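Shared chain: chain A. Partners: chain B in the first complex, chain C in the second.
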Partner chain A sequence: MRRFTHLQASTIKEASQNGARGNAMVIAGGTDLLGTLKDEILPVYPSVIIDLKTIEGLNKIEDEGDSLLIGAMAKLADIASDETVKKHCQALAEASGRVASPAIRSMATLGGNICQMHRCWYFRTPDDRFHCSRKGGSTCPAYLGDNRYHSIFGIQNGCIAASSHDTAPALIALGATVITSKREILAEGFFAANGFKSCILEDGEIVTHVRVPKSKKSVFEKFALRKSIDFPIVNCSAAYDDKGKVQVVMGGVYPAPLRLTAAEKAVEKGITEETAAKAGDDAMADATPLSGNSYKIEIARTIVKRTLLRLED
Partner chain B sequence: MGENSKWVLEGTNDDRQDFKVVGTWNHPGRQSWDMVSGAAKYPTDLYKEGTLTAMALRCPYGHAKIKSLDITEAEKLPGVKLLLTYEDEELASMPVNVPSYYELGRSPLLGDEAEFEGDECGAVVVAESEEICRQALDLIKVTWEVLPFVLDCREAGKPGAPILRPEMNPDSNMTGNTFGAPIKWEIGNVEKGFKQADHIEIIEYGRPMWNQFRPMPPAYFSYWDNDPWGNPDGEKMCYVTNHAHFPANGPIISASMGMGVHEDKVRALTPYMAARYCDFVEKRGAQLAPVLSRRLGGVPVRCVSTRRQSFDANVPQSFFTVRIGFKNDGTLVAVQCKNVHQTGARGGYGDKTHGHLVLPANAQGFKSTSCPNIYSEMEYYVTNGACTTADPGKDAWEPVNLAFAKIADTLNMDISEVIMKNVKVTKPSLETCMETGKKAFQWDEKWHLPGEKTMEDGRLHGIACRSGWSMTWGMISYNINLRMNTDGKIYMPYSEALIGTYWPDAVQLVIAEEMGMKPEDVIVYYAANYPNWQKGDAADRGSTCTWAAKEAAVQLKKQILETGASLFGVTPEEVDLVDSMITLKADPTKQLSLVGIGQLAVGYCGKPKVPFQNDVIRTMNVDFCEVAVDQETGLVEILDYCTAHDFGKLIRPSSGLGQLEMALTMASGRALREEIIWDTNTGVLLNGNMYDYKVPTSLDQPAIDTVPVETRCGGGAYGATGVAHAHCDAGLVGLAIQNAIGKFIPMAPYTPDKILAALGKIS
Partner chain C sequence: MKAGGAGLAGVAFSALGIGTVLGSETTADPGGDGKVVEELTYVCPVCGEKAADFGSLQKHFKERHSQTEVPASMVLHINGADVEVFVEDHWTLRETLQRAVGLTGNAKEMCDRGGCGSCTVLINGKPALACTTLAVECKGREIETSEGIAADPKYRPLVEAYVKYDASQCGYCTPGQFTMAKYILTKYSDPTEEQIRTELSGNICRCGTYSRHVQAIQEAAKAIKGGKS
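Showing the complex of A and B:
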């Protein structure tokens, strides 16, 4: 790992101001960033790392009545085991409990998880072996390469990597809002392939909290090859909104988590074996697999169905 | 049923029945304690004040040659202490370590041609830190000539494939110990055999490259210092770290060969190397580190690599096409087997997988059946991608078990019956393993015809079993030096890299058993400068080495009893050693401590008469597997894994059974997830990390039921034999999946995409 200046911020403002200057990155739990630095994956190596752990109060989980306000520095393990989260935002608790491994969850944060970069192996190969479009290149090597884990719903901003955050589908399904040092953004609009980032944060903009509306029931399902420390091939979350309508969101199928409106429509009149299966079929009707990932459609279809059936269970 | 193997135990007390220590639990052992407690020091842990870092230039292409190299700017970088290129005279003249066997067409230690992405090539830099090394490497201006690459050995064998190593073979990529032509082997008359067959079937099996050396990204640490005698020959002592277990003193061989110094001037710093089992690939850092240190006046130099770079040595690809002829009762009467195998980059390593088998692996396995007509053909091809090393999977038996499964499938037979019908020697070992294993696994309750059982949760249920050898080979005469010290303890030195087989702790128990010592009074210790320890090649230290240790222990005990008898004033026959005390047999309350009675020592060098692999192996094992297959997602879960393994005699249960669990865990990962993946457009490795190369985590580890069998039919101490490579095959899971879904899948790993395709869910 190369040398960098390590700043311990005491306020969001301080972190934000330093983050906006030159080539800086913020570090939360560090479980993704440190490996990224070690492998020199970023297009430009940061000269400054701003530590958010020294900012007080960012790790709290607060009950606001209709919603929960979760600090960006709240650890995933804490969210997964928090009784209030489990009761009112079950999908988020389940998703947080399925991220990586117990050791990583005890360090990794909610803010870090929603901001982590894509797991595309072309993007992540050290030493910029593939100068992909996310790093200023002109092409996406995965498109003609090994894309077994990539998007089945096309390209976004020149990228076909699949979103890999486990908490993201849960947050979107629950109608969460991401609060940053500059603004409030609906979670549904927060995620995107954006340069080397996987979200729309600007330089110096820092996630401080996530506000998550309570839901009478919400669930999360994940399909991965391993039971632990694996990113999703697909993941899915379904939740009832305050009007009793079902929201369905899937990850791992597009560079950003994808709201499955066709699936939502299929279960408008209730969730049964038949409607859940139809929801899976309808959700995948517009899928456009790449050369090596048509199998993901079958898996995604099934996971949508199973998520909905669990919601109804 | 097959033949009975008659085996007479040899060696002193090999027929012992009254075991007091051997076969018992709760002996911490030195190596076990060291590794479990974290006290063990691996090469990556070593550091001395003033240590410099060395890193090599790595190739960014799948195959490339350096056209020009400009190190001017890199040399000027502050903190750079030394920068050598492939044109350096000393490096160019250094012989590459030949770990064992025969290797043809070896690449130079640091050449101008890289054979795979990440290959060390062209230059090595020594600097004050890793960061400066990286900066210096970035400053080297390299012009590469990108060359064609081949990643798949089947492609390498096709007409028109680029010739990767023309200096080895200008006409094709077929290399290694095949000498440019396939190895062919035949017994009986295969075509005649097929004419006698009631059924003829063709089956295929392939496996990708697997990585097996992940736990420790290699680091090679070396420095020079005065020797204890003050360098009378003008040469200082070179300290090095372990890097390979072939040969046992790999670092010493590497360093002494590389620099032309005697072995007694080279001292290994740590016995630990961490799970680089059967790693034949020479580690260039191991040879570079001492040279770079010497060039810099002996300062400590640490040659480092990343985890990704440690994916440079892998288990080779192998592809089988097997045509079998069999009778209506399941008797195999003809086999025609073709195996295309990978030797990988740098030429000729993968063939060592089979070099010591003499016969090609597929012939080796089928030779252990009763089939009278066998034709086997094996081709080895160099590729790019990575080096290959030995194969801990049992590819000798994978095509055999596949053939048995195909027979069972065709005839609606139970595969366990097909195994017992066709394996040549079944008594006592295979028969015992099969009986005890089936009982433990509840085979008879679980077995069904392929595709005929759906579980309550909708998943398809499948089981399978397969047989294999419990490895016994004894190519090495172990040089045992056993000494009773004045402190009354028994000491045995050894000097070799430890790879996690825990053999020193097994040897400790055998010596304690034979001598009547408490295990804690037997100290098997690592002697860093003990060059007389054997340097050959064996994976059987837990059994064969214990045999030699037993013989030495018997001799030393005799000496001790003679001394003790004289102290008691009786004959040696009237005393015994009990719990480390010389004890009067007639009155066991009368005992003498060994402390202070003097020093006694014996030397013994020998080995049991263990048959070479070409002979029929007497000790067998049978593995059982139960899977559930999700029809909608293609996900396979291993519900139950059971192994009945004939240890001959189980010496140290915690080691032996632990090794079975390790091997089956390894097999489960290979069967379900693991494969080396490159970008086929560039030859660049895509999954050289622990996220994307999917080894099993502890949550993925299936329930493993280990059933030790003891037939006393092995060649080691008390008829013991090893575990070694047995069980690490992926094929068994594939056979269980076949039992679940009714279709054979011809290529491991059995990932959801392949399952869904086999189920007809995707094209």
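Showing the complex of A and C:
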């Protein structure tokens, strides 16, 4: 890696003030950030890295009655094995337990996972060899190139890379709220292809907590080529909200996690083998696959069905 | 600084990585003819010259590299000993273990992107990838490498089980697998095959020794448990 200065923040205010200055970046678990720095994906190399792990109290999981307040620095391994999370927000525990590998899960944080940069193989090629539209170029090389892992629901802000966060579909299905140093954002509106970010955070804005409402049942399913250390081809989460309605969210099919309203409608009157299959079909009816990724529709359809049947099980 | 004591003292072979430990059961035995390493090798980050302790490395730096700024130093707690090392903000823990104190087990460069698990060390008892951890963030935390675990008499049955089942083939991934094996033994007293395979799922082996790790860890668990009671 190139040289940078490492600062240890002691408060959120200090971190966000320093983070807003010039080319600074914040580091939580580091599992996503250090890879991007080593590969020199970013056009401007950060001169300052601000450590958020030194801020006290950001790694707690608290029960607030009808919701859980999870600190952004809570480790994914701790969330996956936490009894309260497993009982009330099962989908989040399952999703946290499916991210990468055991060693990465014991380093990576929830805040880091939702702020991770989703990136396709053109975008992440070092030295800006593919100056794609997300980097300010005029074209998307994946559109005419090899797009086997890309979006099957079209383009967002010039990008067709598939979203890769595993915890995101679970958080959206559970109706979570992302709390930052400036505001509170519903998880559903938090994710978007946004230049070098994959969320709508502004410069210097830092995720501090995630508030996750309790659900009577929620599940998460992931399909990846390898069981461990792999991003999803697709992942899906379904949850009951407080009115007993089913929420279905899918990742890996669009640059941001996608709410499948058609699937939700298909299971309005209860989940059976037939309605779950119809939910999968309806959800994929509007899909617009690219030249090399129509196979993903078949997988997505099955994963939607499988997720819903597990929710009912 | 002399990094003496049981912690850093390892079998000479173990400082070369577990792969070389696995010749025969006698070479893995610290009571045998194995030469004991009592010091780490301090390496000059500029010219690569080796020094016996941090003091002579600093002296070497002043004499030979007077034009260069002396790098910052910090104390890392490695395998039970406080070790003073040169470290820069942008160095990963893997680089620091390799460049500053000459460890070669978990510290050798493999994928360097957190994708293979061969650099897995234990930080405060939890597995962490040394290639994806900044060294400056490890201040005050206990770092354990395969060298330290192999030198610990309590985990001698694990080394022996690895020898017996030949759980390393080319040896590249072995330090990471071995460190993870210790973590498994601390987490489960009697690990099942499924638990072992789940915990080792982030450690990739090109030779395909996976089933041998299961056998070795299960046998070591029995031996360690038997020794306790």
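Note that in this section the second predicted complex is superposed on the first by the 313 of 313 C-alpha atoms of A that agree within 3 Å, B and C clash if a C-alpha of one lies under 4 Å from a C-alpha of the other, contacts with A are read in each partner's own complex, and residues count from 1 in each chain.
Note that a contact is a pair of C-beta atoms (placed from the backbone, for glycine too) under 8 Å apart; a residue touches a chain by one contact, two chains touch by 3 or more.
The model shown is predicted, which means the values in this text are computed figures rather than measured ones.
In the superposition on chain A, no contact is made by A:154 with either chain B or chain C. Using the contact criterion defined above for the overlaid structures, shared-chain residue A:225 touches chain B, although it does not reach chain C. Of the two partner chains, chain C is the only one that A:6 touches; chain B does not reach it.
In the superposition on chain A, contact of A:122 is made with chain B only, not with chain C.
In the superposed model, A:104 makes contact with chain C only, not with chain B. Looking at the shared chain after the overlay, A:295 reaches chain B, while chain C stays out of its contact range. In the overlay built on the shared chain, the residue A:30 is in contact with chain C alone; chain B does not reach it.
In the superposition on chain A, contact of A:49 is made with chain C only, not with chain B. Which of chain B and chain C touches more residues of chain A: that partner is B.
The interface of chain A with chain B overlaps its interface with chain C at residues 1-3, 39, 101, 227-229. Interface residues of chain A facing chain C in the complex, by the touch rule stated above, are 1-6, 27, 30-31, 34-35, 38-39, 49, 51, 53, 77, 100-104, 106-107, 227-229.
Contact residues of chain C toward chain A in the complex are 88-90, 92, 112-115, 117, 120, 126-129, 132-134, 136-137, 180, 198-199, 201-204.
Per the touch definition, chain B reaches chain A in the complex via residues 58, 60, 117, 131, 134, 306, 308, 632-635, 672-673, 677-682, 684-687, 689-692, 694, 696-700, 751-753, 756-757, 761-763. Those residues of chain A that touch chain B in the complex are listed here as 1-3, 39, 101, 119, 121-122, 124-127, 129-130, 141, 144-146, 148, 223, 225-231, 233, 294-295, 297-299, 301-303.
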